[in-house]
Amino acid sequence: MSGNTFGTLFTVTTFGESHGPAIGCVIDGCPPGMALSEADIQPELDRRRPGTSRHVTQRQEPDTVEILSGVYEGKTTGTPIALLIRNQDQRSKDYGNILDTFRPGHADYTYWHKYGIRDPRGGGRSSARLTAPVVGAAAIAKKWLFEKYGTTFKGCMSQLGEIAIPFESWEHVPNNPFFAANAAIIPQLEQYMDALRKDGDSIGARIDVVAQNVPVGLGEPIYDKLDAEIAFALMGINAVKGVEIGAGFRSVAQKGSEHGDALTPEGFVGNNAGGILGGISTGQDITASIAIKPTSSIRTPRPSIDKDGNPIAVETFGRHDPCVGIRATPIAEAMLALVLMDHALRHRAQCGDVKVDTPQLR
Amino acid sequence: MSGNTFGTLFTVTTFGESHGPAIGCVIDGCPPGMALSEADIQPELDRRRPGTSRHVTQRQEPDTVEILSGVYEGKTTGTPIALLIRNQDQRSKDYGNILDTFRPGHADYTYWHKYGIRDPRGGGRSSARLTAPVVGAAAIAKKWLFEKYGTTFKGCMSQLGEIAIPFESWEHVPNNPFFAANAAIIPQLEQYMDALRKDGDSIGARIDVVAQNVPVGLGEPIYDKLDAEIAFALMGINAVKGVEIGAGFRSVAQKGSEHGDALTPEGFVGNNAGGILGGISTGQDITASIAIKPTSSIRTPRPSIDKDGNPIAVETFGRHDPCVGIRATPIAEAMLALVLMDHALRHRAQCGDVKVDTPQLR
Amino acid sequence: MSGNTFGTLFTVTTFGESHGPAIGCVIDGCPPGMALSEADIQPELDRRRPGTSRHVTQRQEPDTVEILSGVYEGKTTGTPIALLIRNQDQRSKDYGNILDTFRPGHADYTYWHKYGIRDPRGGGRSSARLTAPVVGAAAIAKKWLFEKYGTTFKGCMSQLGEIAIPFESWEHVPNNPFFAANAAIIPQLEQYMDALRKDGDSIGARIDVVAQNVPVGLGEPIYDKLDAEIAFALMGINAVKGVEIGAGFRSVAQKGSEHGDALTPEGFVGNNAGGILGGISTGQDITASIAIKPTSSIRTPRPSIDKDGNPIAVETFGRHDPCVGIRATPIAEAMLALVLMDHALRHRAQCGDVKVDTPQLR
Amino acid sequence: MSGNTFGTLFTVTTFGESHGPAIGCVIDGCPPGMALSEADIQPELDRRRPGTSRHVTQRQEPDTVEILSGVYEGKTTGTPIALLIRNQDQRSKDYGNILDTFRPGHADYTYWHKYGIRDPRGGGRSSARLTAPVVGAAAIAKKWLFEKYGTTFKGCMSQLGEIAIPFESWEHVPNNPFFAANAAIIPQLEQYMDALRKDGDSIGARIDVVAQNVPVGLGEPIYDKLDAEIAFALMGINAVKGVEIGAGFRSVAQKGSEHGDALTPEGFVGNNAGGILGGISTGQDITASIAIKPTSSIRTPRPSIDKDGNPIAVETFGRHDPCVGIRATPIAEAMLALVLMDHALRHRAQCGDVKVDTPQLR
């Protein structure tokens, strides 16, 4: 009820604060018998961890994961899998000056009003650091989906501020700090970020994610539609303000004769649907896109108030990502994977296992 | 698990198919002691019902609601409230020709693959007709939220195909069939729809919704964030392909110094946040916007396949909305109201009742 | 949250009050493709309906069920199945005298304190009449479990007040109004009930239920154990005060060497476990037993208070079952069936379909 | 869905295996602002920990708890509270001989069939060791309920094998290793256990638990009744085979005129109800009683089979409780506390906070 569990059949319950002793999660519902060790999880955590380039927060966190349960002799047993990540590099004093004030655009104000108390160290529970356990949990979901259906996940940044990043090839993504699917544009992005950092400001970004080799039939007809769940999962990522599936907002100006993807014996023609019709996967690629707002913790002073309602100018020091979008790609992939994993199990419950050997259109 | 229940503490479980004997829902969790009769619910159903102008489906459904339980001597008792709407105007033969084929852009294909069986009459469960019980349930939520916090809900169409509809005043909305907050543009919209209908085609639309007088503190920090739940609720409406909160996709090109809404003793300056920070309501207006794709059932023939995989040209007859967006405004308001109602109760559970007498910023 | 939904994957959400317009339920999660009509459900409703002998309430309710959704051309479609039963024989005036007083042993007092309002007509929501929709829903579960695994359900009364009813044969159960598995004892039971009715008093009973041909492996290791879920389901039946699984309270005085059912290549020796070990079904018969308290609505005057706290003597008129245990057998079977159905689907989700062709011990 | 979360609004998700690196839990939904530290939790863990007398397992586990999250400057923040307990004294080789065989009365057989894999070390997840995190979580619930309503929890063993233990006074309970509310009987119990241990056998027990100062109005009318939830919680404890509320199985032979507790202006007369009517608390003491079967791991050889179905004699070595009932009292109290905590929050959600200043009957 308090919202810290994601999923219905494959559930991830996270805990922890940015500067507390540890963060982690409990994964319940993982099918038994899958080979699993820390080595399957750590690489995904490494993709999102801080401190890997000058364009992200300089906090040094190895994010080393420990599996506490649910695995016996290298295989999942069907019981809960707990992941633990000890926090290492907390400099809580960095945040001392925001204890009694509210950063514009930040959760400070709302936490204070909701709970009457908040952990101000590094944003406490509202920190994007809390996406780490989710990325860990999703590594397990990705592995299962790949072994079972061949499903894979990809993502890239498609816009940084006003700079559109044309898609060239997925192969570029791991070779630059922006998760850009384009090599030539990297110097421009670096120059842009360097200037921004110098100004003490931050910027938004757009991220695209794709799931491939998705079985047909995942999702529910009403409410728990696959697209609704993806919107829930992606909008729930820190700083996200918009979600599109397939043609997204372009659909507004499309006619029915243009939008509806024709079916042919060889497959679908086009993918305005983003791989989902009536809330259920079609077997095509599932495509989604998200808008990420600029980081609210910036050095530039801004007008705000303190707890007593007095006007004050807020400046934030400490270590922050000038563009939270830069590290968001693996997180968006992770959320998409958790949604598909959950619906794969839901499909099994009501309809039996997905028949992947049936001819399916792509 | 099969997705037909919306909400966690104020739950709405719907049932029914477009051309079955009846549609309806069971609402669980309504606080006791609130005055309630069919007269509180029927007006909201009338706002979304079909057949009210030439621009929507000509199916004639009075959508008369009957309360079957949960009310005693005109007051809610705290037990489940069941709403029943008998279907009246089913012409199932209209749909006979789509029994064995799949309409491009329609749920036909995915239902068939998921369940191995589908009710083809009027789209069965995938019909937008199933939004009627939700609108009925939301009338109850709206009443409670208004009586408790003064919360109100408004919505309008802000774009029809390529025609942007400038906002003038909420007062125009009930006076035209488009839910447009603009009087002067109506002739242009009517002309556009007449041409479209003549062509046997359909079109998308953009809808904006707002909740006003929302108490501060609704929502959860992680996963079940208020914005994530709104995205889930709105993306789950038939034909929605995109959701924005506040500045939405405009956030991508905004700097932190521009996006973060400043706080002053007199209130917030700007509302890029859309009334939500860190997943929790700020007390400002909650603003959201959705993209609705064009109706997939159109007269224009399109290439498709039949169940055996043979190529075929599909034309759809029967009565359809040429722009499902036209009737989507009350539905979007309804979903927003259900989310806020649910989180109002969740807030009470964990933090006690919202203190509406505390000075709050707007 | 308000408790009116039973189950997690096969969910039954009921609504209605004893003397309201209708009672019913929505069943979500039923697998698609199963043949289903009212004829599959009505016989189970007929087993529990009132007015069938002089030993039960004389209220005349045909309990005719209507399927409102989820079935197309005689087969389930995977969408929610709504069942509707219109109330026919309400004589609300019978209950007028209990409006402002609290019957000892009845929910009057607690409803009043919890909600500040209660529907006093026939006990409102607290009436055992609300078990009718559950019995209807369970008919669907029973059918699916039988077609899939050959699972069957049986029950009988094993004690009426102080009269133990020795088990002779299941074949006697449908041939007497007590659901007794014994023919010779019926005259004694009838005489006992006649005397009791004459005295204006009521009496408790003990009911045994059994599920046979249960696949091995249903249930979860912790919390949602199969036995815990059965205890939840059975204790939730009106008037139940105790639940036993297998040896039940006899286990207290057993030694480990006596209690543990030995395994042999030919099967288990004994069934102290009641078919469940570690919360998971063994494949043996699942056996449970419940204690049902005497009806609280009796003619005999008893001391009580009114809403203002004044002492008063309460006599109840109206039509009541002098032993609610008499009609409880089909209800207990129904609850057991719902639990097994839910766990059959849960097993499919996490572990894939139960392998019924593997050699299993019984 | 996989059952490792207890509760709906105050949820406890546990993880861990008997001989894995750690056990623990995540508690979600704790109200903010309550003072909390390890010192509030450790004493409850100490009550149930092993190795404290010769009558329980000799495994040495300090069960030192660490709070990983959800507390800031000594107060709860409303975010998840994670508890971690590292396992210390694992001697996995003790269990080597049961790897390929099934102990009669043990979960070995069912886990193997359900998952196709099991962690045999110390019973893995089926070990009663997994009740430790629950007891820790319940310490938090007990603290909140006491501070809010003055609610307290007590429990005692009322029968050991065939020896009934007459209730004398709660003050005896902490002064003997059996949690007996009777001082004079202790030598008899010790002698009984010594003889049993010498025989390599085990024995059952009966435990009573009570909650006092419970507010009126907790619980739901149907399904999630307070008594049904208590039955679920208590039957879910390892080795429990029966649950009674109030008069329990004695109700079977009671007449309505005897069973229904009369109300007077001064309070209830009697408590056959066990403090619950119609699924909702009356304000009286809530009383429940459970039957605990004898430990299934005993030294005495018993007939069983191995994985291949061959007959075999099983003897269990290692360290086991000869009567799991001995340490069950604090566990039963813990489960009862978790149920009441959950329903206290549920009451707030739907009906607002419980009014404890209203005059209530006891």
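Think of it as A, B, C and D in the order they're written, each chain with its own count starting at 1.
FYI, contacts are C-beta pairs under 8 Å (C-beta built on N, C-alpha and C of every residue); 3 or more make two chains touch, one makes a residue touch a chain.
If you're wondering where the values come from, they're calculated on a predicted model, not measured in any experiment.
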Number of hops, chain B to chain C, where each hop joins two touching chains:
1
Comparing the two chain pairs, does B-D have more C-beta contacts than A-D, or is it the other way round?
A-D
Whole-Å distance, C-alpha centre of chain B to that of chain D, is 45
Distance in whole angstrom between the CA centres of chain C and chain D is 26
So, in whole Å, the Cα centroid of chain A is separated from that of chain D by 38
Residue numbers in chain D touching 2 or more other chains?
1-5, 8-9, 14, 29, 32, 78-79, 114-116, 125, 221, 345-346, 349-351
Given the complex with chain C, which residues does chain B contribute to the contact?
1-5, 8-9, 11, 13-17, 20-24, 26, 28-29, 32-33, 66, 68-70, 72, 75, 77-82, 84, 114-119, 121, 124-125, 345
So in the complex, the part of chain A that touches chain C is made up of which residues?
1, 9, 29-32, 78-79, 221, 345-346, 348-353
Contact residues on chain B for chain A in the complex?
1-6, 8-9, 14, 102-107, 109-111, 113-116, 125-126, 130, 159, 161-162, 196, 201-206, 216-217, 219-225, 227-236, 240-265, 269, 272-274, 276-283, 291-296, 298, 300, 302-305, 309-311, 346-347, 349-351, 358-361
